[in-house]
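So that you can tell them apart, the chains are marked A, B, C and D in the order they are listed, and the count of residues begins at 1 in each.
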Amino acid sequence: MSPLSCYLLVAALVFAIGLAGALTRRNAILVLIGIELMLNAANLNLIAFWRYGPNPAALTGLMFAVFSIAVAAAEAAVGLGLVISIYRHLRTTDLDEISRMKG
Amino acid sequence: MQGTNGFALQTAASGITQLLWLIPAIPMVAAGVIALLKQPARKLAATLAIGSLALSLLLALVAFSHVLSGWTSGHNVRETANFTWLQFGTSTVDLGWVLDPLSAVMLVMVTFVGLLIVIYSTGYMAHDENFTRFFCFLSLFAGAMLGVVIANSLLLLFMCWELVGLTSYLLIGFWYQKPSAAAAAKKAFLTTRVGDIFFLLGIVWLFAQTGTLLFYNSGAGSMEPAALNGLLAAPAALGLSAATVIGLLIFAGAAGKSGQLPLHVWLPDAMEGPTPVSALIHAATMVAAGVYLIARVYPLMQAGTPAGGITTALTVVTWVGAATAVFAALIAVAQDDIKRILAYSTVSQLGYMMAGLGLGGVAVGMFHLITHAFFKALLFMGAGSVIHGVHEEQDVRKMGGLRKAMPLTFATYAIGMLALSGFPIVFSGFWSKDGILAAAKDAHFSRGPFYLLVFGAVLTAFYMTRQVSYVFFGKWRGHGHAHESPAVMTAPLAILAFFAIALGVIGTPAWPWFRSFLEGHAAAIEFGKFGESEFLVLLLTSTLIVLVGLGFGWLLYGSKSPAPEERDVLEKAVPPVWAALRNRLYVDEFYGVTFIAFYKWWAEVADWLDRRVWGGIVALVIWVFGRLAHFDRFFDNEWVNGGFDKGCEELYSGGGLLARVQSGRTQTYLRLLAVAVVVLAVILIWSSRP
Amino acid sequence: MTNTLDQIFVLLKHWIIGFLPVWLQPIVAALLSVVAILAVFPGLFAISVLLERKGLGRMQNRIGPNRVGPLGVLQPVADGIKALIKEDVIPYSADHVVHFLAPVMLVVVVFMGYAVLPMGRNMTFVPMDAGLLFYFAMGASAELTVFMAGWSSRNKYSLLGAMRAVAQMISYEVPLLMSSVVIVMMTGSLSLDKIVEVQNQYTWGLPHWFVFTPMGFAAFVMFAIAATAETNRSPFDLPEGESELVAGYFTEYSGFKFAEFFLGEYVAMLSISGLGATLFLGGWSAPLAILNVVPSWFWFFAKIMTWICFYIWMRGTFPRLRQDQLMNFAWKFVLPMTLLNLLVAGLWRFMGEGFLRWVVCSAILLSAYIIGGRIGMRSKKFGPRSYRYAE
Amino acid sequence: MVIFAILAALTVAGGLAAVMLRNTVHCALAVAVAFAGLALLFLRLNAQFAGFAQILVYVGAVAILVVFAILLTRNSETPATGVFSKTWLAGLVIAAAVFAVLAWAVIKSQAALPQEQTEPQISVAQIGNALMGRYVLPLEIVAVLLTAAMIGAVIVAMHEKGSAK
């Protein structure tokens, strides 16, 4: 059981947890939280691979993680803004009730 | 004249040559700007048009002086500025412009006359509500023509050529609310198109043969010995060399534009346009374009001249020209519309130019072109002034005695008329026509053209006299009363009148300045020539001709004033001939019964095919399918429908099932996504395992 | 001699751990540093509280605390005892866990900030490569604790106070970061020790503090303002504006928890003053070359206390802002100015040595501030206080 | 290894709490804990910069944002109805499947994974140089993205009458 695989397993677990949250919760905000968790799990993977990868000096994985953190911040801002405006229009954030886009 | 041999080629482009493109560009830009103006901005539009043309004139003069200085200092200028426009594969299409005596002279003439005409039309069109549009077209027209003049590449020339065609269409149909104007515009456009098709064929062939469309390119151009010899060597159909055939094709285009015999029909109808337009088309720009084209490609036309004779191409040119000259002159005799008379005279004069080109070389034809440009512009603007003065009346029989009403117009018009009919010594027309006749006289292959041209000259003098005496002599037969035109219209007349006289000086046999300038050898003054016998003979002959024409005309029409409804003198004399001439020798009708009728017949055939044959087939098919459909319906009702309805229900429920997937629930989508990820990952790992 | 005096604490630490087995030494060293920090700063907290109360008293023509001990110097002790023996009331409907966690976490994160502050030559607890980043990370997590406190005590005053506090802290954290980025640009390092090192050199006996450069000074002003707001000090103390919401987010706290908040707030003040001193005022470096005989740690604490006095003075002077004024000021004046500051810093960097860059940069900044100030004053967004809501 | 175990446990616990707690605000706080744990894991991996950035961005900003959103959408109180959607079982199963696949992949490919090696010493200066040199284009793009996101968020969340906040 090499340390890298430990990190990868933890990341996988966190990812699965986030996915479960995103799939099972009703509240849109909590779905967003789950998605954030998934993103972070991915970041953990990136950094772990960078750390144990063949060429850490290249900084590739680290950079990727840093950028994805920045992008995730933007994503959170927009997502929550959307949730708020949805709430303003529909008076709810319950995803089971929000199905206007029905085909 | 031996093509380019007379020239010490000098292709190092000087500054003015580099800037030559500005001359057409300025009016075109002005046109573009004017097009953007609003209707009320009349002053600005006029200023722009005049200013741009004045600028072009300035540049043209600079260019001319450059050429002139080069000539006087002994070496002859032919400067080209070429550039590659397109490149496909190994072959390139080059464009460029050339500055040599020919183009220089044309530039000055076109810009000058054009400028005068534009100034004139500010007065003539003053009351038209589409003032700005008119000036936009006018500038564009001038620009296009200048482009034709400077072009050093057959392709560039063709572009501007087509532009000229387009603008002529726009201008002739300027009063498109008049159906006749619209029709005339269409006619002009289509007729010239016929010629242009051949022209284009010639261009393509030339390119295929020589690989270049440049005229002069320091030895590599298509008008230069190397290419020409190649063309001569290349055989074409029925024993003609490629050079000849290409020359003829190009001539067809020229004939279209300059209204030569088979294609002249559009020119008289073009009178439907505003008079300044007629002046511009007939004097300076459009019709001149054809003649200029022939002059431009002259080396090609006369390539491989047999000893002491002329080439096939030039022979054709000559005969067509001469025929046109007489033909049009005949028709002109029997016209009543003041502008139509002038139109037909233009056609005939163009015939002269062509004949001159064919027989006497560039110099002769071009000289007549220049002089004619001036006095024909003069005549047209005079006619315009008359029409303006008598309240848009165009029938000469409804005029008369105007010499008192509008003296200035009368004076200038008389000068123009005398110049046109070639009154001896003082008028430029005399010398230019004289040159042509001289060339025709010692044409070796046949005397025919000479006699034709002489006859045409007589007729010219005759119908001009008729017209003038109808318009200016006798007593006033119109209604209302005539008034002199404003100064803005008469001033250009005066200027043109001056040139109509003065231009003769540079073309006398004694001092053939123009010829030597064009052909590029020093001009010598030798009054001795006046003494030489054959010159004197010719002089006397043409004088005689003119006097006969004038006298006959005066005899029949002078100062007597028949009432409009009264029949014409000639009509009384020889009714059938008169009728024929009156109806323009039935050319239009001829076309009507031949080409147009053919097309009509063909259309009917096609129509019949459509109705009967194809229609029948279609009907048959329809019937068959109808039967099939009946059978099918039976079949359906009995067997299919049951099953089909079932299937529909199935599909419907299936759709409902699918629709449930599209539930609008984000989580559902997310779930599907995750499932897909799982499946893909499994596939990936499975496939990648050893 | 001076050197020993300068390094006295370091030597002390080494002397102590000298007695211990090697494997124990690093742990004990860390523990010693922690203990030192935990001892010194609460002490400073007590002093500054006393200072504040007396100073404010003087400013308001009162004597201030004067009962406990000579001239009331023992007042803080009395306060501490009182806070400790007071009953710890927890509202019935409160969210107990969070309610308990909030003050603890606040104190923790605030103290963690000290880990990277260089308090003297070789006196940085953890000389970290990304020290500044670490400090701000801690500062950012303080906001969460404030929210926890406000939300957990199920009281609308607390909640409102918390929201105000969080909004204000977020808004002013941006200029705070930006203004210190200027220093980072000039030193090319995030490590606070490095920053101090750069400033610890002298020409003609004068130090190279960043406050003495144009954009450094501008950043210093902005930093001071932002720091005041970040620590919810007057005039930016709306979150605990007693006239509007009883005591803001710690309304429902009493006894020791309240003391923790109180402590946390002052310690945060001290630490952010320390950061400011480190960034702009040359940290532990002496103000004049000749004064290097005085130990470096003295200068550090001296600067902190000066800053504290400045705070107290401001509190005694300025009236409180309105919420909208606060926000507009943050986003429409402070932030743009700090951004401009960044540009100027870049300019400074690329104009190279010489007298010119001084003129240009100061000119740009000066004009910007004058114009911006004028416009700001004219607009009623954050202009001079208007009483349209009062009457 | 022990420290790693602790941190991993902390992270996973935080994540689980965030997903399972009934009270929304508790979930937010728990997720903040999870973020912090991840940050510490980053530090464990010598990714100092990334770790602090993680704290600064997630604990400092995203968690606060989430909390704000919760309060603005009146979600701070525990809902009376179930907090899990009707189809929670399916979701759970799928998540489990995903984890199973991932774990399987990791364990299967253990041989291929690179082994332990010397800790890379990365100074912030190096990262800065990389950001300004090799990764300057992504940096700029991210900057643009963040600006756009900020504006977009403001516009989306703004009241119709146009007063922000």
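Here, a contact is a pair of C-beta atoms (placed from the backbone, for glycine too) under 8 Å apart; a residue touches a chain by one contact, two chains touch by 3 or more.
Please read these numbers as outputs of a predicted model, since none were measured by experiment.
Listed here as common contacts of subunit A and subunit C: D. Between A-D and A-B, more C-beta contact pairs join the chains of A-D. Taking each chain's centre as the mean of its C-alpha atoms, subunit A lies 6 Å from subunit D. The geometric centre of subunit A is 75 Å away from that of subunit B, both derived from CA atoms. Spacing of subunit C relative to subunit D, judged by their CA centroids, is 29 angstrom. Averaged C-alpha coordinates put the centre of subunit B at 89 Å from the centre of subunit C.
Multi-chain contact residues of subunit C (touching two or more other chains) are absent. Looking at subunit A, one finds that residues 19, 22-23, 95-96 touch two or more other chains. The residues of subunit B that reach two or more other chains are 667, 671, 674, listed in rising order. Pairwise, the chains that make contact are A-B, A-D, B-D, C-D.
By the touch rule above, subunit B contacts subunit D in their complex via residues 667-668, 671, 674-675, 677-678, 681-682, 685, 689. For subunit A in complex with subunit D, the touching residues are 1-10, 12-27, 29-30, 32-34, 36-37, 40, 43-44, 47-48, 50-54, 56-57, 59, 62-63, 65-67, 69-78, 80-85, 87-88, 93, 95-96. Remark: subunit D residues 1, 4, 8, 11-12, 15-16, 18-19, 24, 27-28, 31, 34-35, 38, 41-42, 45-47, 49-50, 53-54, 57-58, 61-62, 65-66, 68-70, 72-75, 79, 81-88, 90-92, 94-96, 98-99, 102-103, 106-107, 110, 113-117, 119-120, 122, 126-127, 130-131, 135, 138-139, 142, 145-146, 148-150, 152-154, 156-157, 159 touch subunit A in the complex. Within the complex, the subunit D residues that touch subunit B are 85, 87, 90-91, 94-95, 97-98, 101-102, 104-105, 108.
On the side of subunit C, the complex with subunit D involves touching residues 95, 98, 128-130, 133-134, 136-141, 143-144, 147-148, 151, 159, 163, 166, 170, 173, 188-191, 327.
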